[in-house]
Amino acid sequence: MSGARLGRVLALAAASSLVLAACAGGGGGGDAGGDVTSVKIGFMGDLTGEAAAIVIPPRNGAVMAVKEYNDKNPKVKIELVQYDSQGKPDQATSLVTKAIGQDKIIGLIGPAFSGESKAVGGLLEENKIPSVSPSATNPGLAENGWTYWHRVVANDSDQGPGIAEFLVKAKSPKKAFVISDDQEYSVGLADAVAKSFKDAGVTVETDKFAKGASDYSSTVTKVASANPDVIVYGGYYAEAGRLLKQLRDGGVKATFASGDGSLDQQVITGAGAAAAENAVFGCPCNIPSPDVTGTLKTFFDNYKKANNVDPAIYATEGYDAATAFIKAVEAGNTTGEKINEYLKTINFEGVSKPIKFKANGEPENNAIFVYQVKGGVLKLLGPAEEAKLEG
Amino acid sequence: MKGNGVTGNANPLRRVGALVDGARDWWEHAKAWQRYLVYLGAVVFALILPAPAIGSFMSPGADWTSVLIYPIGTYILLAVGLNVVVGQAGLLDLGFVAFFAIGGYSVAYFGTQYGWNYWATVAFGIILAAVSGVILGAPTLRLRGDYLAIVTLGFGEIVRITANNTDEIGGARGITNVPHPTDIPGVVEFGLLPAPYYYLILIAIVLVIIFSVRLQKSRVGRAWAAIREDEDAAELMGVPTFKFKLLAFAIGAMIGGLAGGIYAGKAVFIEPNTFPFILSATILAAVVLGGAGNLPGVILGAFVIAWLPERFREVNWLKDVLDRDPAEYRILLFGGVLVLMMALRPEGLLPSRRRRAELHEGTGGMGTMGAEVAGPDTDVTTTEAAK
Amino acid sequence: MLLEIKDIHVHYGKIAAIKGISLEVDEGEIVSLIGANGAGKTTTLKTISGLRPLTSGKVVFNGEDISKMPGHKRVMAGIGQSPEGRGVFPGMTVQENLLMGAYTRKDALDADLAEVYELFPRLAERKNQFGGTMSGGEQQMIAIGRALMTKPKVLLLDEPSMGLAPMLIAQIFEIIKEINKRGTTVLLVEQNAQQALKLSDRAYVLETGRVVKSAPGPALLDDPQVRAAYLGGH
Amino acid sequence: MSTPVLQLDNVTMRFGGVVALREAKISINPGEIFALIGPNGAGKTTVFNVVTGVYQPTEGQVLFNGTRIDGTKRFKITKLGIARTFQNIRLFHNMSALENVMVGADSHHKTGAIGATLNLPWHRKEEKRGRELARELLDFVGIPGRMTETAKNLPYGDQRRLEIARALATDPKLLLLDEPAAGMNPAEKEALQALIRKIRDSGRTVLLIEHDMSLVMGVSDRVAVLDFGQLIAEGLPHEVQTNPRVIEAYLGVSEDAS
Amino acid sequence: MLDEFLNQFLPSTVGGLVVGSIYALVALGYTMVYGVLRLINFAHSEIFMIGTFTSLVVITAIAPASPLTGFALFGVMLLLILLSAAISGGAAMLLEVVAYRPLRKKGATRLTALISAIGASLFLQELFALVVIPWLTGKAGRNQQSSPRLVDRDTVFTIGNAAVRTDHIIVVVAAVVMMVALDRLVNRTRIGRGIRATAQDPEAAVLMGVSIDNIVRVTFLLGGAMAGVAGALYLMEFENTVYNVGFVLGIKAFTAAVLGGIGNLRGALVGGVVLGLIENWGAIFLGSEWKDVIAFTVLVVVLMFRPTGILGESLQKARA
């Protein structure tokens, strides 16, 4: 009865809406013409979600850099707008659309993770908004042909081999066991590590577990049964800590190594100081420790003063990403397009490393730094080429 | 002990209910042109909904049109689909997200690997979802309600984990660069701007509503209602109950698959974690919160559940009071509101009259919890058997 | 008056199952409710024991208005019931079923348990068998015995003869008489009107949720209308 | 004599240790009104459940118009032409009276999801026919003008009639009525009696379970008595009524016996 | 492949038994509530989570400088178990009052109750993440919280190549003891009879003077207490917890309950252990990432061939 009627009316309306759709387009670029006294730059990442521990430090670094710049009373001030994507691609999409359309940002620091970067890269490209991520390490990001996308960290294809080659050099293992959980970052890193090991002639066995699992006994059993010389886990600190503890409890004594996602003090609290001792971490990040010198020392002190904690992972990268934008604005660029052109040519000595971008947005310098747990704390051993394992 | 007939007072929701009843009475007696006017109004409203003027209030924190596509539009589409299964046929499905995933993956996979036309991939995704609905349903639909719930939950997880661990479809990395919908020359171009997708999803919702309403008013819908009320009696009146339950599963799955296809075309990138269990639970909550079985209610429920948390991110005075981002509290609030709503208005915001009656009797097709006083339903077959 | 029901109305959803029934049961009596299926007999019993909420009216027991008292407290107050379909707990042994009857009691049970076993020697033999595996008649015995274990002042029996062989029916009615003799008031709902009326001091005839007739049992037995409707019409 | 409409051939039905039906032999002829009586729990409803496919008999077979139907799916038995009502009314309570009857009528319809969605001609035709049939049947059982009312809001007697209309909508050759008079007042019973005859006169066979003796005696052509799962008597109403075994088992132990 | 299997079989079995015992304890709560109310208490996983945090607080407060042994260990474990059981049991009772009782009184459907349960589950998780955990530990609520070591990982004995450690024995023994205790309580005591009676026939139970409200309360208390014990054992074994620790484990435990035959206490034990073992054995062949898929597939297959689970439903029908 009324259903059929409803149908006909709605079908008509639906058809007409197609026509409207054509006109209703909108949203716009972030052109800010004329005399500009202030510009907006966004920071996007997981600020309150489960992986916030990795995003808060670069956020703090970026905030610091912008504040230092604004304190100098420049002609064009920078306002840093923070977007909490919770690391979710959907969230990031609608936030970016808003950042571009309403807030009219002219550049974006972030998104922090690879998934969200994949989701919003196209949008940024379309709207000519340059982005510099302090922490997204998925290799595929550079292969999308995006010209507005950049990052200041080495990708997992560099990180994985970095870790593997370092371990081969330091431990000359015959057999390696590579473990990952089922998250994107984890799988990518583990695959890269496994491949480098194989290329170096090391036998590799692998296992994988679900992210939410807490009982790794089957993985431990596999590792124990394989009896490897080194174990590499690609993944985040929460799982790394639990895994390391259960491995050691299960009587596995081989060297344990992991990547940037696990490089956090919580891996030690999670595993227990005894189990974590001598664990090795590779990271494309440069985390200053209290004993550093020079510009890093200044950064360390300022960061600690501002945030009451030691700088942690990607803090320096966040600072450097912000600095890249600051330098562009200082040079008189106030539109996304101009800033992007400037970024193509940028070359400065960042806190973390020298900052210069390749044409595809990757950093010129893809150094991997090696850390090791010593006496219950993470210690920077130096860049992978120079670092020496202790114990 | 409060009887069924004894109603409490001083419940503000009840007054809302009375208002709704009034509107419904009007609707039932409305003339044809009056109804047309309402349809027209609804459509016009939907067409101008993305207007920035509305958006600045509805979603100050994120792009309104994008929010209208995901989560709002997508949730509505999914909720209308799940409503077929839960609201109309009375089957409890806790793994609906699986079909959403299957639709999404089929668009992403066949689009990127084989370069199929987008619309073809959507159609294929819908078929694939329907087939998986049948595959899931055939062995399990004979199970009792709660077992069905846990089995569907398991199925949802199996689909997600399998996607996560299968490299052929991208594994945990997901699939990037999913093609946008093919442009319709001269009419619409699907790029990165959200507006065309909004209208696409709007058309999909409208079509699915028509579909759903027509089914409901047909032999099929009557059969579902009969199954929900008394499965044995329905079977004895010549309703092939198993076939119709399977049909409900397949149709719900198709709508889920359609939603997945549209989603993937817009999102460009999908990964297994886009399809977590909690999404199934959320959609189910939307259906029940809105009033299972009643389409306007289900749509309202989906809208509220999709929109409220988004809106809640931007309540500035809360930011000051809490000294924290209120966005952090939105799931806490969501959970609390669910508990509260179910206690105050267990039949949902806008229940169908039939459904509300079922709930009041405690015979909503799924039986009651052992209340202090048991409901009036006695199972004839079992008591007979005991004799 | 031990039990008094005053103009009760009961609804299932919107359907009225009972439309104003009033009845009285005096201490020591056996009172029957007879009537066709669907007349409201079972609902009346369930309302008395608190399994169904009242729409209006009053249930007075021992001089106290118990209309709002929850079901389990009515048991403590002294209303015992053997429900329709017997309601034996299938997964419990006979003994456990009987002990369930004494659920609310804190006093010694042995004597009462012995009395039930004396009334139903059959149950004593099958103490440890599961309720669900017993025959219909045995289940009926459990149900009645279990209700007796609540030490009721008034015992509500819902169709105790249902599904029983004639031999057993006679036996059950004997036992009801015996129970009554030992001092328990009985309110009986029966299909088997003939037997029930013979046993009862008084009886009420129910039709579509109303009392249409009430009189001493034997008087009804001779009532032509009642005979026509419930006793086979000759 | 023509083939019996329904034939129970030594049907035994056991539940665990309980025998609900013991070697029952019943044969019902076309156009008959056949009543099944017996005390509660004697196995009458079990007969219905065996005939309609709810239970599969432990032993024996059920023949409908000469074809074996035990083991056939329930909805298929309905399609073959057997419909029933229930002892405790099992309407679709929250559907309208019209919809209830249409569910029955739908058993012979074919429209699926596609036809309904596209509103195809045959779907419209079926809907129209179903609605007309439902109207006619509501009229036939004597409750016209109650079409849009929700089933559970109907008075008890009307609900019984609605159940009959719903069953009739499946176009049964054999209609099983399970205590149709339960809960009816004398006037309603009177009308029911007429209705049952009218159904028979429309060319259907009726199998009836009933406690109300005046109804049974007034309407049935033949009566069978079940006791304790066993068929103890069968014959014309007055024969059965005077059978001493029946009186003992059902109508009450004879006066002098007590 | 066979080689690998043989090599890993015994260690996997030990691991499966340990995690299976924890599944089983959590499953008891689901199965009891289901038996009495026919309700999937979705928030039961959060009751387990509360148990882990209670234990975390206790262990942190005791803060053993080194792992304990002997009587000290026994005493502390007992304290841990009792406190966690008490707090979790109390929380479960509170949950019932807030989230389910109002619905029960209105005669709402189980679907409504399920939504309320999902709401309560989310609410409790977030409440802990945002308020309770920061308040208890002073750390960010969404992070892993680690506990000091209570029990040394000493190998007590070995079977083939499988080392059975002190902590394994504690988990399995404690779980079995708790289950035997619960089984006795339900089968031998008055209150247990009340629970079984309510599960089998609520109306008849009321006629025996059983207060359904009371029984429901006790059911939640007992189920919650078992989840609390599971929480204590979990924390002792895995030494960390997080606000959403219950989510995956809860689904597994419910699966175990259904697998064993929901409503059946011994079924929960069987289901939990079977699930733990099959998961771990399957992981040898397929890899640990397929554990959950294995678990759910086993569930579907079992239900297809035995719709009432391995031992069948039982608080209602035949005895446990």
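The letters A, B, C, D and E name the chains in turn, as written, and every chain counts its residues from 1.
Keep this in mind: a contact is a pair of C-beta atoms (placed from the backbone, for glycine too) under 8 Å apart; a residue touches a chain by one contact, two chains touch by 3 or more.
What you see is a predicted model, and the numbers here were worked out from it, not measured in a lab.
K.L.:
Between A-E and B-E, flag the pair that has more C-beta pairs in contact.
P.N.:
By the number of C-beta pairs in contact, the winner is B-E.
K.L.:
Report the chain closest to the protein's overall CA mean, measuring from each chain's own CA mean.
P.N.:
Going by the distance between chain centres and the overall C-alpha centre, it is B.
K.L.:
Where the centres are mean C-alpha positions, what is the separation of chain B from chain E, in Å?
P.N.:
31
K.L.:
Compute the distance, rounded to whole Å, between the mean C-alpha positions of chain B and chain D.
P.N.:
Roughly 40 Å separates the two chain centres.
K.L.:
Quick one: report the Å distance separating chain A from chain C, using the average Cα coordinate of each chain.
P.N.:
Chain centres of chain A and chain C, defined by C-alpha means, are spaced 75 Å apart.
K.L.:
Where the CA atoms of chain B average out and where those of chain C average out, how many Å apart are those spots?
P.N.:
49
K.L.:
Which parts of chain C, given as residue numbers and ranges, touch two or more other chains?
P.N.:
13, 50-51, 70-71, 136, 162-163
K.L.:
Can you list the chain A residues in contact with two or more other chains?
P.N.:
4, 7, 182, 208, 210
K.L.:
Of all residues in chain B, which are in touch with two or more distinct other chains?
P.N.:
2, 4, 161, 164-165, 210, 214, 217, 328, 357-358, 360-361, 372-374, 386-387
K.L.:
In the complex of these two chains, what residues of chain A are touching chain E?
P.N.:
Chain A residues touching chain E: 49-50, 52-53, 182, 206-210, 212-222, 224-225, 238, 241-242, 245-246, 249, 251, 266, 269-270, 272.
K.L.:
Sort out for me which residues of chain D touch chain B in the complex.
P.N.:
Where chain D meets chain B, its residues are 15, 18, 20, 41, 43, 45-46, 49, 52, 54, 73-75, 78-79, 83-84, 86-88, 90-95, 99, 102-104, 106-109, 111-113, 115-117, 119, 123, 126-127, 130, 150, 152, 166-167, 170.
K.L.:
For the complex, which residues does chain D have touching chain C?
P.N.:
16-18, 39-42, 87-88, 93, 152-153, 156, 179, 181-185, 211-214, 217, 228, 241, 247-253, 258
K.L.:
Name, in rising order, each residue of chain B that touches chain A in their complex.
P.N.:
Residues in contact with chain A: 32, 35-36, 39-40, 43-44, 46-47, 50, 52, 59, 61-63, 65-67, 70-71, 161, 164-165, 171-174, 176-177, 184, 187-189, 191-196, 198-200, 202-203, 206-207, 209-210, 213-214, 216-217, 267-269, 271-274, 313, 325, 327-328.
K.L.:
Mind pulling up the chain C residues that touch chain D in the complex?
P.N.:
13-15, 36-39, 133, 135-136, 159, 161-166, 170, 191-195, 198, 207-208, 228-229, 231-234
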